[in-house]
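Shown below is the structure under consideration.
Chain nomenclature is as follows: A, B, C, D, E and F, assigned in order of appearance, with residue numbering initiated at 1 for each chain independently.
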Amino acid sequence: MTEILLLLIATVLVNNFVLVQFLGLCPFMGVSNKLETAIGMSMATTFVLTLASVSSYLVNQYILQPLDLMSLRTLSFILVIAVVVQFTEMVVHKTSPTLYRLLGIFLPLITSNCAVLGVALLNVNEQHNFIESIVYGFGAAVGFSLVLILFSALRERIAAADVPLPFKGAAIGMITAGLMSLAFMGFAGLVSFS
Amino acid sequence: MSFFIASSPHHHLRRSTADLMRLVLIAMIPGVLAQWYFFGWGVILQLILAIGVALAAEAVCLLARNREPSSGLRDYTAVVTAALLAVSIPPLAPWWVIVIGTLFSIVIVKHLFGGVGHNIFNPAMAGYVLLLVSFPVQMTSWLPPATIAQELPGFWDSVRVLLFGFTGDGYSLEQIRRVDTGAMLDAVVMATPLDHIKTELAQGYTLSEAKSAIIFQGAAGTGWQWVNLAYLAGGLYLLKQRVITWHIPGALLGSLGLLALIGAVFAPDSLPNVDIHLLSGATMLAAFFIATDPVSAATSTRGKLVYAALIGLLIYVIRTWGGYPDAVAFAVLLANLCVPVIDQYTRPTVYGHHEERR
Amino acid sequence: MSSEYQTLTKNGLWENNPALVQLLGLCPLLAVTGTVTNALGLGIATMLVLIGSNVTVSLVRNFVPKEIRIPVFVIVIATFVTLVELLMNAFTYGLYMALGIFIPLIVTNCAIIGRAEAYASKNPWPQAAFDGFMMGLGFACVLVVLGAMRELLGQGTLFDGAEMLLGEWARDLRIQLVQFDYPLLLAILPPGAFLGMGFLIAGKNWLDGRRLQKAQQSPVVKAQRARVTTVN
Amino acid sequence: MSWIIGIIALSVLALVAGLILGFAAIRFRVEGDPIVEQIDQILPQTQCGQCGYPGCRPYAQAIADGDELNKCPPGGQATIDRLADLLGREAKPLDAAHGAEDVKKVAVIREDECIGCTKCIQACPVDAIMGATRQMHTVIADECTGCDLCVEPCPVDCIDMLPLPSKPERWTWNLEQIPVQNITDAATAQQSQGGER
Amino acid sequence: MLKTMQKNGLILGGFAVLATTLIIIAQLLTADRIEAQQRQELMRTLNTLIPPALHDNDLYSDCILLNRPEVLGLAEQPVYRARINGAPSAVAIRTTAPDGYSGQIHLLVALTPQGVVKGVRVLQHRETPGLGDKIEVERNPWILGFDNQRMRSENDARWAVRRDGGMFDQFTGATITPRAVVNAVARTTWFAQNEMDALFQAPSNCLGDPEQWFEEQS
Amino acid sequence: MSAVQKYSGNDADIRLWSFPGGIHPPERKAPANQAPIQRLALADEFIIPLRQHIGALSEVQVAVGDHVLKGDLLSAPGIEHGLPVHAPTSGEIIEIGEFPLNHPSGLSGPGIRLRSDHLDSWGERKPLADYQQHNHLEVLEHLQHMGIAGLGGAGFPTARKVASAQGIDCLIINGAECEPYIAADDRLMREHADEIVRGSLILQWLTHAKSILIAIEDNKPEAIAAMRNALAQANENTLATQASELALKVVVIPTKYPSGGERQLTQILTGKQVPANGLPADIGILMHNTGTAWAVCRAIDHGEPLLERVVTLTGEAIRRPCTAWVPLGTPVQHLLEQVDFQPEAQQRVIIGGPMMGFTLPHLQVPVIKTTNCVLAPTRKELPPAGPEMPCIRCGACADVCPASLLPQQLYWLANANDYDGLKAHHLADCIECGACAYVCPSEIPLVQYYRQAKAEMREQAIEHHKAEIARQRFEARQARLEREKQERLERHAQAAKAREEALAARKQQPQASDDGAPRTPAKPDANTDPVASAVARAKARKAEREAARAESKESPAESATEAAPPEDPKKAAVAAAIARAKARKAAKQKDEDS
């Protein structure tokens, strides 16, 4: 149990996917202009990331490994992810139109969020078991959501600030992300995992 | 006859930003004096260097941004930033350390975000973290307090160490940092109390073993506790002058103290007690001078409490389990990150909106 | 025709640069730019994939129904990425190890699928190939510049480890420009990547702004106004 | 051998994916484009055609189809910002080619010069001009959008576009615009500038 | 509806077949080269510690996997055995220091059959550049300090960093990394000194999947 | 306030609450409040703006040249919120037009100029002496005809306010006068306490309130004493005349700005908050200024319309500060002349107090119903704000905001023109009290930002509304044009068809004659009937012409001009005008080209 908790803390804070591992940066920069959209994206990503982590684990465990087809990993993972995303979109669309309105536009973006593929690949690299895969996927998503939401609130504030012209927009966003990443270095060594 | 047009109110409480900043600087005096007493001239030199660089950087930035430089310089915010950075770094760190740190604080953390009032991160602490991460060696080279130091460099020796790395007699910083342990032949290089405890505990020693070291001739580390008490005094002055309210220092010290107490009750052998947490490192400086930075802190009363309690929590967590001995700067930056979200969710209930909230 | 290629060049390298303007493919951009060598390696890999996928997508664009376009593109891209990965594994082993997970992650580099969607699926293959090349080049350029900045500040060198990419002879390419006693570690740490990228974007904005200022001195061409009502 | 199985396995995976997507494509076809409506709501409805489209709605449609947001001078920067916000695009400054932002104006016919030709009536997109053939015409100020489309057709040039008169009820607290003012030193000038912003 | 589904499925399936085939062909074509590369890479490190003169066997395949995580940090660490004419001449053990400043440090420790350290190399680490990375031989000769050392007892006091009273330097401002390395090498050395015979007698069992070996590194 | 008690002369049993924030600026009520209310010399000319209240404009009832007596109606009691204005003194109407308003904008508005004959002779007065004999509606109508508007702030028509207030529990008479300098209510309470009480009782009778609370800040001991006295007396009388369980109390509240604000005072006295977007009446409260109560008393008991009010004239640039009875319409210029106004460079003349008042660009503006103070401070006394510095988010403003807003957040949002954000942060609940700007260390004119943002938001709402109408009109027009086009096309089609058939008929005819068929048609078919077809042809032609005209790019006027005989002078003028215009256009074109 503690192991799992530590893994979670490690993925959320210490090895934060966005700020430390550099995964999922495009949506991090792209949909962080408003707190509201950031929350929508976070929810969508959390769901997809966890599901993708699990299903890619299954594909890896039951198809690729027995058949020794490691070179097909990327291909099959991305295919699985695309299906998961589409499937999520369908389910959301069917069950909750309001949620769909909130998340709809983000779901297609998630396919090309490298955090999703990254989780799948890292799961294999780190030889996580089933439970660990779930936790890792979920932790990655929570870490992503956490920084995305904080970042978007910061950006809302920066939008009103008197930023020098060339730095307005993406540039100051990057610099803010840099300072966030600097702050997150404070978590280094909190849990020693590798 | 025509008349002057102005918008109401036509009356103002005459206490400007510059006044506030001056009061902060005044309140820092006891702490700086204590640091000077225990760690020598280095701190004064760092202050001079930092303030000079900060003012120059501020002026250049304002000019580059087509602003009137004099008004920006007269508000003393750059001086406060520089001063807080200067007192946070080891007194005899090489000159370029403070220069890089101050430049980073003023140019990147403050002016790229729009200058005074617009910065979302605490400039001084961001500068400190940059230095800590980039130059860990220099940034952890603290001197032993005067009471146990083999020798404390004088004024000119301090200048030389700062500029060239060696005293007039050719001692390096590394050599100055040795502590006279009396019994042992081989003197040990000085570590700060928190650093010492951290390494010792990591080695598997108990807390009392760690605290038997010479540096703990006092509750929370020789020298360090007095410096902290001096900053506490300055902080109380700020409170009395109503520059700050009790909320931030109260919540910060409260949450840190409470966690330390819980830790000390459950694991007295491996977790430092309340006194160590509150009186060593930069705790008091943080509580009264750094976390209270109005620009980067939460604004509403409830927000301030949450913000400061979060800093306390982070300080405790990072000090106890993290990779860094003192965590003030990281904790403050991490809490800065959360400020907009905190502000968003701790808005006071506006007059007439009580029903809506429920 | 040539003007089409010209716009493609301009777009890829500057106006619509995938990294600086579209902010796509940021992850590899920030993650592997610790040294110029890594940056160059990934830049080339990305460019190869871009060209390959653009050409393929352009060739098959007429057979693929709309609704499965994206999955097909993804398969195409994934195939090329895997091919590149295998090739790098076989021929530039050291670099392959250094870039690690970021090679397979080229798949999700939104710049690639973006180009497939926006350009290759609407244009014949020669243009698509050229577009892929230019976009890839623009991306690689940013990678290399950022890599150079970070390597220089953080290590004082350039082309450290070039032998991993180019073979043993390239060991001599390594240039020690400055010898820092204490390099600015920040530059090679994650925050440095973000800050460096921020400054690159700001630099581009600044140049654009200056150009715009110059351009503004030239008179504005009035646009045609539409008549809402029919009168003469 | 294993790679044959691999090919089969992956193909099956892809086949399933294809089936699902095919199903999705039919089951959830995107209906109508409500975004045009929303864009139209934001446009100022001056119906002046400066954007290059005959009226606001056509421009709304064009924006939805990907045209630039910065072509509507009457809306000005505020409209551009709101459009950018709605569409998640970048807000650019107003395209000077389409004109500059101006104060709100209203058409006024110099009635003694009007020859009653009714050309302005035909030109007005919102029917804000009253009058009949060979009679003096007037503009209903409240209905006039200030599009100035009526100005050009007038054969005798008797239509003026005048800035809306300011009324105390609709005053926007612009202290700067108060006519009589006595500013003698720089500090006060700066102060009132602050007030003006 | 069914028809579109079928069509889409078939097209996607077709692409998948093509893609898979292509990849598998490429894999088959590059497989040898990749293996050779991996082998070469490993041999390069192995050879700096155990020069070709010291062995005439195929180091790469004369290998066992050891399952002693309490000593070697991880399960299934390979041990390569060098022999001249079948007689033990050296052994290279992969070991992992779990307690580096930022995670594990993977090491290769070579010893003579007598248990004297022939050399230590860092295979992979994530220590801070400029601080902890001085354990790399390319940056600092520190790691050469293990050469020709031998442990006298399990708790040989010399096998520690100077700060802890041992014989190995620490780096200024970075004690944790060298301490972790020293401890790992010491554990490994002591283990090897005591189990040397067994190490050489065990039958080779790690061939066939060198890729996995490297996978673990990352 | 449900605990209803008889007035006992002891106010200790009232529990007071507090409101968040608030400030304590120096009060400086002296010296203006030292002397009794004075009467100053009558001005020569009066300017009476038609709108001195919130609500619709009323119609002018007099003409230039009319001689009016004091109290005569000048404009009609309008509909809706409209209030009449009355002649403040006797004299002659010399102008009806646009005059500078007593308004921060310095704009002009409709008004009446009256030249005083210095006789100040009253016209007819119609008191409603025994008001309790009338029904409420009559009394309210009387108040409206007397032009009574709230004297405390917004100038809301009192009759309307009373009429719209249902289920009132407690009537609060606001004598807080929390703003520095102002002493009008203070003096009024000291000198006319009985009339205020009487007015309050009338208002109470109108609203059926169960209690009357007269709230006075503790820095006005004399006013408190005077009001207590008056209450004690009134209590005797009321017990006889009105419901006996009426609670009548003077409540002394702590001095803190802005305790006089309607919402704040409500919170102080009841602990309850007026709901946002609501009125005090929603929680059973009606609040009126002491001056309003006084005016009600004068109107009912003496039949005097609202003609004059107490104005505080103070500030160090005024040598003889005082409070004075000022007829409405008196130019501020005249007032200041009476009290020895010595302007310095960059003098500010403030209408209202230092916290909420606005500056005048010139002194040609009249005193109106809501003018409680003319403040002319020296620069030393109230130094103008220094240069605006960036907000440092110190939170001082939030600490003093009586509405618990986050002023700095509002400021940031206003700066960024984020109107949605402003709405979410409840800008509308800002009472513009200025406490935030008072404490701001960066001297940011926060209130000014809020006012501009509020105005901008209002403007946007209006614009949006107008845009909506424009869109509807545009669409209606498009639809109409489309319909007309359709009709035209149809007519074309019909005409064409008719022509075709006629043609066919014509073709048929010779055939028929060749056949030697009888000349008369077998069937009376209109289509084949030559006469009918001719008619149809004509109709079609006409329709075509009409359609052509409707569609025509040539307007009849233009074709007329072109065809006009040169001797027609009007036509010639038109032609000349067109020629002129064309020349002008050509010249302009040339200008643009070059």
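Methods note: a contact is a pair of C-beta atoms (placed from the backbone, for glycine too) under 8 Å apart; a residue touches a chain by one contact, two chains touch by 3 or more.
In this text, all values refer to a predicted model and were calculated from it rather than measured experimentally.
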Minimum number of chain-to-chain contact steps, subunit D to subunit E: 1
Relative to subunit A, chain with the most remote C-alpha centre: F
Centroid-based (C-alpha) most distant chain relative to subunit E: F
Interchain centroid distance [CA atoms averaged], subunit C/subunit E, Å: 35
Whole-Å gap separating subunit A and subunit C, where each centre is the average of the chain's CA atoms: 22
Separation of subunit A from subunit E, taking each centre as the mean of its C-alpha atoms, in whole Å: 32
Subunit B and subunit C: spacing of chain centres that average the CA atoms, whole Å: 41
Multi-partner residues of subunit F (each touching 2 or more other chains): 346, 361-362, 384-387, 390, 415, 445, 448, 451
Where subunit C touches two or more other chains, by residue: 65, 67-68, 71, 75, 78-79, 82, 86, 101, 182, 185-186, 189, 191, 195, 230-232
Junction residues of subunit B, two or more chains touched: 2-7, 108, 115, 118, 130, 133, 136-137, 323
Residues on subunit F engaged by subunit D in the complex (per definition of touch): 101, 103-107, 109, 345-346, 361-362, 384-388, 415, 417, 444-445, 448-449, 451-452, 455-456, 458-459, 462-463, 466-471, 473-474, 476-478, 555-558, 574, 577-578, 580-581, 584-585
Interfacial residue positions of subunit B with respect to subunit F in the complex: 1-17, 19-20, 71, 75, 77, 115-118, 245, 294-295, 297, 299-301, 304, 343, 347-356
For the subunit A and subunit E complex, residues of the former touching the latter: 69-72, 75, 79, 125, 127, 188-189, 192-194
Residue numbers on subunit B that touch subunit E, as the complex places them: 136-137, 140-141, 174, 199, 202-203, 323
Contacting residues of subunit F [partner subunit B, same complex]: 19-20, 23, 25, 180, 263, 267, 273-278, 343, 346-350, 352, 354-363, 375, 377, 382-387, 389-395, 398-399, 402-406, 408-409, 425-426, 429, 432, 434-435, 437-443, 445, 447-448, 451
